[in-house]
Amino acid sequence: MKAGSNLEKVLRDGRFAVTAEIGPPKSASAESVRRHAEEMRGCADAFNLTDNQTAMARMSSIASAVVLIEEGLEPVIQMTCRDRNRIAMQSDILGASALGIKNVLCISGDHQTFGNQKEAKNVYDVDSIQELMILRKMRDEGRVWSGEELEVAPRLFLGAAANPFADPFEFRVARLAKKVRAGADFVQTQSIFDMERFERWMELVRVRGLHEDVHILAGVLPLKSHRVALYMKNRVSGMLVPDAIVERMKAAKDPKEEGVRICVEQIEHLRSIEGVHGVHIMAPMWEERVPEIVRRAKLRPDARIE
Amino acid sequence: MKIIGYVCSHAGYAAADLAGEERLQYSPDIILIRLPCAGRIDVVHLLKAFREGADMLFVAGCLEGNCHHHYGNHEARKRVDQAKSILDALGMDGRRIEMFYLASNQGWKFKEIADEMMRRASELGPNPLEAKG
Amino acid sequence: MIIGEQKPLQEICAMLEGHQRILVTGCRSCVAICLAGGEKEVGILAESLRLHSDLRGRDWEVTEFTTERQCEKEWVRELSDLVAKSDAVVSIACGVGAQTIQALFPEVRVLPGLNTSNMGAPEEPGVFMEKCGGCGDCVLHLTGGICPIVRCAKGMLNGPCGGSQNGKCEIGHDTPCAWEEIYHSLERLGRLDLLEELIPPKNWLPSRSGGPRRIVRPEAVLTREEKEMRG
Amino acid sequence: MSEKRIGVFICESAGGSEGSLDLRSLGKHVSSLPEVSFVRFIDQVCKETGQAQMLQALNKDEVDRFVVAACSPLSKERMLMRLAAEAGLNPFMFTIANVREQSAFVHSKAGADLKAKRLLRMAVEKCRLLAPAPYDVRIPDSRTVLVIGDGLRAALAAEEARALGLEAMILVEEGMLRLPRFLDDALAEPLKRSEEGSPIIAGHLASLDGVPGAFDVLTEGKTSGTLRCGAVIMAFDPLPAKLEEGIMGPMHFEELVASGAPLPLSLVIVVDDWKSDFHSPQAMEWAMRTAVAIRTRSPESSVRILCRDISSRGELESEQLRAQRHGTIFVRTERMPTITPGVKATVRTVDPVVGELALDADAVILVGSDLNAGSASTCFVLGLAMRPDGMPRESKVRLRAGESLRAGIYVIDPWSEWSGADVRSDCAAVAARAAALLLSPGIEEGGAVAQVEAGKCSACLSCVRICPYGAPYVTEERKAEVRYELCQGCGMCVTSCPSKAIDMHCYSDAQIAAEGKAALKEPRP
């Protein structure tokens, strides 16, 4: 065991993992984190805390994760390359580890021009793959990147993001391979709507045998409305939403119910794909619906940490 | 009023000649400076003329797609737009300068341009520098 | 070349408030070629300032001069007489030019009329694209001749982020994804293998992070004796 | 600066038949202007007697420049150039105040008098700043026309040039012209003569230097060498489209018609203008005329024309009406149709109104903008702007047909009329243009041309990029220079130069500014 986290155990045991996303609040009160924890308790093996998602300043993912631990749930913290250089990254990891955080998702982060403080100076001292390399070195060698020894090494289960829907398509699998070589233990994908392309990608993943080296968690996102579907299709870069899904959402009498139904169908389908070891459910501002999705998709995660 | 038209030889100037042949009357406040092509006009010429008291300026070149020098009229339009934005920035109203396209056989159109500039001049009033003396 | 863009006219006028004898100066080098600060632009700016002054009764005296290369002392010295007659110098050369003037003439106010932007190249007439970030440690041999440091919005070194779609960057659809271009360049060169390499965190010391950079060419440096000998 | 001496002539008939200008007071006004040596009233500037008076005055008073207050420079300029030259001056050392068309004719008496004074003042101010302009009358060095092409048009152009007294050489990549197999007598005879009379060089154009009347040409390919010619005619035939069963290009169809073979019963003509915004009216015209000819010859046949833009303008409109009256069906399609070859070829496309269409045809003719590589590479070497089909852009098609943007280079558009006789007249017209140049007593060059001040030039290429005529170039010293033999005096390089390294004769920056100042000096009316 690299970190001994619940998520790591579930994946190691070959059980189908479930993670769900919690967006930290734009608030100095952690009340909403506690509320979401209550709503989703028992629904997932671990909960992702986003790191200033879409480049909007929010409560830090590490602080939110500590709240979650207090509530008895297991966090996965996200850490972007946008907001900290390698020094801050390593320091934050040491602190997070000391506070009991074991799962870290390494991502480059949305460009600050998407956020509410576009004029901010971005950092990008390292990219997401280099972040993995640094964190792995800390864990495996007990050293900071420059080589200096740590008294106590952090125990980490390292995650990375993968987007099968971005371009150039041919390079996407090679990039996943690089992430695996850089140290990724698990991978969360971008929200999947275009199942056909995802399956093509998985095929290439299996050709390279990557599904045996890394746990792939397929990302799903329940659509709330036709408008959200259109927004995802047209405005979110790196997202492919087939017309059929947009049409279904448009035609639906109860779009929210339809969104949940589509999501459940997707989870059922994803479960049947060789190499998919779990799902990652993203329901930003709609966290309360996650338990229903988990129940209807017949996922049976063995909820809590000790 | 003092209005200068920077006109290309091939269309603007020739059209004014034709307006003359046809005895189409327009205001003597309009004076033409002949250029080989509207594309010869430079922003500096236009700014200088305003500083020397011109109330209005215009540039006239060949019809679009029909410039004797192929795209001199488009070049001229860009200069006029640049001058407009400078005038606007200085609070002098970019409408004091305009770009027109016409053909050498359109004497009537030259008169229309002359009349339009006069109309605009009376709307915008004299060059604000005049008020300063 | 160095790419710059003139500051808005109102901003320049506002900086000049309180001054009277104004020298507008440009440069015949990069900024002339990127159409921002050559003699033509000096003429337009000077004329605009005169018009501004006349309109507001400011009595400004505006003179014009375009230096050969405003980053070199020898050329900037040519300004001596004009600077002596001025109480403000507006430089529409790059920031280097403005600083060289200030260094040589510490008594006069030097005001930047131009925003120096980047090191780039004309893409097509009138369009200039940033091409080089001056990181001090070039990686073009690994990236098919396309710089990921500045042409990728995130300066990624190990491939495109998840926002790359249809060859465009996530920050905007008129920004090409550098990594898409790198991929195709290496594909053409038959060197896609280079993309499989893990590029470790970059040494930014030769870049801005190492403080102001100073390049020394020993063979051209003059010793104290040589300096004395040559006066 | 030394004192200028300006003579001023006022034409007595400048006031027009109305006599509405007070010429005496105009004369009095101008005589007070700086550097004016004398003012003379001339009965009629455009009459020989008037010119004799002017010449006498110019010779006697030793002025170095003059101003004429008369009618439009557009009508008087050339005459006055000759006069200046006769007086021993540079032919551009004069200015004109157009006090007739632009004052006497268009304003009330009082206004016209005032404005005439202004105009004359402007002319004097501009005149003060004149400098002798470069000017040459060059006798063409070579009477040889180099015809570059590949087939019928090249042969005809060469023959027509020879008929006009020029020498002709034909440059063709393969070393032989690709000629239609079936020709009517009207073409066969001149072709034969052309083959006998015009040497053929196998190769392509590698470079062209020099000036109209004296070009130095380098050829490469099967024959590499240099040659001297006075003019170049680009005479490429339309390319045959890629041919498969049931699909042909216009040349092949012309051959088919000429052979007297039975014509296809159903014909689809695809005017290929989808590749770009380029819409070739000539290609469209070819299609419509062909349609009419077929329906005239075999009324039972059906002809459909597929194109992107079916609304014809100008003279094409009547062609279109004629074609429609002859039963031609026009189909508008928004993208290039797909064509399946075969004995019955099928053309599939989408009509924006009707929807999907599948048209069967005995023959499909592809007419359009296929790139002619030979022509394109020639354009590249000559620095000529190209159309998408590889043909050079013509200089103002309607006014100067057959001229390219570069002086001394002529073009035969392959999309000319479809019947042989008309191809011939096209070639004859262009050959005549070349002959007019090469047989002229002298080629006039210079005048209002641009000039570079090398010391200010950064070799930024702005001028090279903006000039429509290829006049500016960068020398080996890395400074721009303008070949005044090619300069047409538009002044765009002057305006676009970021370093203000270029100015031009007759319309210098200082002159334009001085005219503006003179126009605005007077207190407002």
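All chains are identified by letter, namely A, B, C and D, in their written order; residue positions are counted from 1 within each chain.
The criterion applied here is as follows: a residue touches a chain if its C-beta (ideal position, glycine included) is under 8 Å from a C-beta of that chain, and two chains touch if they have at least 3 such contacts.
From a predicted model like this one, the values you see are computed outputs, not experimental measurements.
A centroid comparison over C-alpha atoms places A as the chain most distant from chain B. Simply put, of C-D and A-C, more C-beta pairs touch at A-C. Centrality by C-alpha centroid: the chain sitting nearest the overall protein C-alpha mean is C.
With centres taken as mean Cα positions, chain C sits 40 Å from chain A. Centre-to-centre separation between chain A and chain D, using Cα means, comes to 65 Å. Chain B and chain D have centres, each the mean of its CA atoms, that are 27 Å apart. In chain C, the residues that touch at least two other chains are 40, 43. Counting partners per residue, chain D has 466 as the residues that reach two or more other chains. The complete set of chain-chain contacts reads A-C, B-C, B-D, C-D.
Within the complex formed with chain B, the chain C residues making contact are 8-10, 13, 40, 43-44, 47-48, 50-52, 54-55, 57. Interface residues of chain C, counted against chain A in their complex, comprise 153-172, 177, 179-180, 183-184, 192, 195-196, 198-202, 204. On the chain B side of its complex with chain D, the touching residues are 1-2, 4, 6, 9, 13-14, 16-17, 19-21, 23-29, 31-37, 39-42, 44-45, 48-49, 52-54, 66, 68-72, 75, 79, 126, 130.
Within the complex, the chain A residues that touch chain C are 81-82, 86, 108-111, 113-114, 122, 124-130, 133-134, 145, 161-163, 165-168, 170-171, 174-175, 177-178, 181-182, 190, 237-238. Of all residues in chain D, only 456, 458, 460, 465-466, 497-501 touch chain C in the complex they form.
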